[in-house]
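Reviewing the structure listed below.
Just so it is clear, A, B, C and D label the chains in written order, and each chain counts residues from 1 on its own.
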Amino acid sequence: MADPLMYLLDAVAYAGIFGILSISLNLEYGYTNLANFGKAAFFMMGAYITAIMSGLKYPFIVNSLLAILITSVIGALTSLPALRLKEDFLAITMITLGEVMKLIIKNEEWLAGGVWGISGIASAITIPGLTFRERLIVQIALIYSILIVCYFICELIVKTPYGRILKTIREDEIVASTYGKNVFKYKIQVFTVGSAMSGLAGSLFAQYIGTINPYMFEPTVTFVVWMMVILGGPANNLGAILGAFMVEGIQRASRLFKDYLNLPLDPVNLQVMFTAILVITVIFYRPQGLLKEKIKPYEGSPHKIIAPKFMEVKSWIRRS
Amino acid sequence: MKILEISNLTAGYWRLPVIEDICIDVNDGTVAALLGPNGSGKSTVLKSIMGFTKIFKGSIVYDGIVITGASTTKLARMGISYVPQINNVFRSLTVKENLEVGAYTRKNDLSISEILEVFPELRTLLNNKADSLSGGERQLLAIARALVSNPKLLLLDEPTASLSPKNTAIVLSKIREIKSRGISVLIAEQNVLKTLEISDKAYVLVSGRCITSGSSEEILKNENLGRLYLGLKR
Amino acid sequence: MINWLQVLTNSIIWGCMYMLATVGLSLSYGLSRFPNFAHAEYITFGAYMAFLFLVMLNLDIYLAVGLAVSLSAFIGGLSYLLLFKPLKSRGASLVHLMVSSIGLGFLIRHFLMQTFGGGIKSFRIVWPTISIGPIVTTPLLLAILIVALVIAFMLHILLTKTKLGKAIRATADNPELAAASGIDLNKVSLFTWSLGAALAGFSGIFLAMRSSLVPLLGWKVLLQTFAITLLGGIGSFYGVLIASFILGLSENVGVVILTWLGLSADYRSAIAFIILVATLILKPEGLMAVARRRV
Amino acid sequence: MDTPILTAESLVKKFGGLIAINGVTLSIKKGEMVGLIGPNGSGKTTLFNILTGIYKPDSGKVFFNSERIDGLQPHQIYHKGLVRTFQTPRILQRMTVLDNLLISVKNPGDKFLPALFKRRSWLKFENDIRDKALEILEFLGLEKYCYTPAAELSGGQMKLLEIARALISEPSMILLDEPTAGVNPVLANDIYVKLREIKENMDITLFIVEHRIELLMGYVDKVHVMHRGKIIAEGRPDDVINDEDVIKVYLGYV
């Protein structure tokens, strides 16, 4: 792109969309230890539902709600058999599920345009008379308001007794079930919420980019999202978003880097190779990610103030 | 001549020391027994020798060489054989293959018939999968597997646990035979009296500490052995 | 009229190809206890190396294949030595191992794309067709059949008759006891990883020669390799043998049915997915599960 | 106080060819503190796993408060008021000590929608339950660690945390699997003093697997001895200690 500002804005929009994917994976993996390697599949589903519905002239709000609904239902359905599996089996199932879904989309031209994909997807907000740059800014506003909503939902989820149970499942499933929690039920719920968020991200992506095809949803997408969570810090929602920014930034930078240095490298290859090396390095030297999980009582809970008082009163009673 | 000398060993897993301040000597060509009720840390002593635990302090000297913290593979190559209490055979391999893997470190070729002289019971089972053996047979195979490498020191972890009295007698007589071949044995057992029959020396462990030790006769004569053993007297 | 004999022949040949592609994955999974997603890229790597030596450098075919296979083995061994072994010794979690293996896979694939370009390549060998009775085949397919059978037989000898092979099986069965028997786990793992990658590379050459060479060559059979690994039981060589032929047969019969139903033959990979999911639900330990007895 | 709280009737559990539990029948009365001892492999932990629903018995019945509980899932049994601790402490490492306790309580915020939308109701509940949690932590001497990540505790403190976690759910009975394994003797004794207090003051029935026989005998009302999957003796500690059969079992006569 010629205009560097446009390039930057585009990167910011991408980071926002991937930020949603990243916090949804963080909810699944970081808090509940569900290794979902099928992120790209749900992302793709959301995008395609939006694209198809947009072709039928439905407004974005309907499309995105439908995307959320269908991806969450499919998420719940696939999780029924998959979540009883061990981590590695779950990973294999989810990664291959993504491939099968792509297969369907590539082959069913009547439904999803086959390998050519779908173009002309209407964007969510159309205000007549805006320049391209202004439209981009409107898009960013939309994406980031949804990102912020998702962030708060995730923060809310993990900072309730419900979130505490998710962490218990992550730490030790047997303890969770011995202390009366139906582990399977919680896993399904988390998977459903995670899938819904991925679907929403896909929906945003489709309306933002306008044209989609199956090749945009290669397993690299899943990997990039994993990269964001692992780099940013599992079990830290801010970390996940930070990770999204960093990975997007690194990818864009490597493209610029290539342009300016005139490296004889294809930008996509450079990007992927660099991301792969980075993720391996992070796993080696900082497996807990850049922002560590904060192990502390929740923010803003009145108890923080009460607890020391409680101690005082107790010791006072004992003394008297 | 001491083949094994453990001094002031404190070891365990992760952050929990299971055994504390254990001192054990095994003389060349003798059988030493580690006795104690469950949870007393007998297995942990053997696992520490074999390099499977975290050692907090103390030293282990084998054949004049300090082996504290050495890798399991290296220890096996130095002539220490180990029979764990559970999972002590390769279940998916046949009896013959188990023996061949046991002989992995041997430079010279193994003649299966050599070991079958000591364990004639295994002769007819050679081509059976270890998984299909009965408990007694499997225990014999486990010991045979450990012996084919021609070890200098054999570590046995509760070889008679969950065996019938008949099989227990067979296993114990094998241990006697092993000793007669000049191999030193360190055996962890709950079965006190039967073990003392075959051992030269014994250490009684309760709750991770050695509460008494001495020659087998001394231990047997101890009137309070029963109460001592249950940790009721110190 | 469907020539069922032809379908059977195709099934066997596909089974052979899948067997070569999968053996390494299954063995390394059984030994190191995590699925190596980079395995698919060993397949691609072998094919590109063969392309390099055979088409670009114009070497003799046997020499070219030999070099390509050895280089695949080298890559497999290297990835164990430089990546997975240190990660395991640092106590990396299963998820971290899987993510790194995916990362390694992308690294290899995009390295190849960078070096050779992303386009479709061809070995430019035209295979004449041979008719044996009602069966039509090519020398390449016959070669695949023969090579796979020879390799399967050699693997059988390796695993059951040699000291090293028994050590591999023993380690997969019970690593602690294997170490206590004096087996050097690192050496055994290194060998297994290299061998597995070499066979994957071999299968890649065949896959590419049969159709064409693309960067996604290996990834396209990822689904099949995992279905076979799980169906056969992780770490079981004979399981892989049987499962490969089951999959080969179901795919080829499936294609016949798909065409009959008027669906795209591309859906053949979905058959592998169905087998995979069915295995995981009905019998997660696989047909011949022995290697993985974790209590 | 003579009503039985937990009854097991001829339980059998086989693993392949191995009979781990071979016809165990026992009955524990409400408010008792009962010990379970026996040599290695005698089936004590397996029995616990059956009682708490981790394993299903091959035959036999388990009654808890005259309700049949064999065949129920672990989380269902928990809700009946039967809780257990683990031999190797299963603490939740990347969570605070307080959170380790709180997960054990049934909370209105445990469900997804109430957690998000009925904040006020569970926050109120949280506050009440926290006071109780702090009380329990104080009782066990852990109050100053309440915001520490549990991974930073010592082995002994982890054992205490396990007991605290069982206590806070107000169970009617706790099964303790070697509460003093890996704990130094002084702390081990403390643990038993606390357990006795729990039994006396909180009206909780305790069933304890222990290998420190000496320690156990000083505190419990009754002891069961297991050997080869069977209960071979039961009675008051003094009687059991002097029971020749028991000593013989331990020394390996039988």
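Operating definition for what follows: a residue touches a chain if its C-beta (ideal position, glycine included) is under 8 Å from a C-beta of that chain, and two chains touch if they have at least 3 such contacts.
Bear in mind that the values here come from a model prediction, so they are computed numbers and not experimental data.
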Which of B-D and A-D has more C-beta contact pairs: A-D
Chain whose mean Cα position lies farthest from chain D: C
Centroid distance [mean C-alpha coordinates] between chain D and chain A, Å: 41
Chain C and chain D, separation of their C-alpha mean positions in angstrom: 49
Inter-centroid spacing, chain B versus chain A (mean Cα positions, whole Å): 53
Euclidean distance of C-alpha centroids - chain B vs chain D, Å: 33
Chain contact graph, described as a line, ring, star, complete graph or other shape: ring
Pairs of chains found to touch, sorted by chain label: A-C, A-D, B-C, B-D
Complex interface listing, chain D residues touching chain A: 52, 54, 73-75, 78-79, 83-84, 86, 90, 92-96, 98-99, 102-104, 106-112, 115-116, 119, 122-123, 126-127, 130-131, 134, 138, 143, 146-147, 149, 165, 169
Contact set on chain C toward chain A in their complex: 34-35, 37, 83, 86-87, 90, 92-96, 98-100, 102-104, 106-107, 109-111, 113-114, 118, 219, 222-223, 226-227, 230, 263-264, 266-267, 269-270, 272-273, 276-277, 280-281, 284
Residues of chain D defined as touching chain B within the complex: 17-18, 38-42, 88, 154-155, 178, 181-182, 185, 211-215, 217, 241, 247, 250-253
Chain A residues touching chain C - in the complex, by the definition given at the top: 29, 33, 35, 37, 81, 85, 87-89, 91-93, 95-97, 99-100, 103, 106-107, 219-220, 223, 226-227, 230, 265-266, 268-270, 272-273, 275-277, 279-280, 283-284, 287
Chain B-facing residues of chain C, complex: 160, 163, 166-167, 169-170, 173-174, 176-185, 290-291, 293
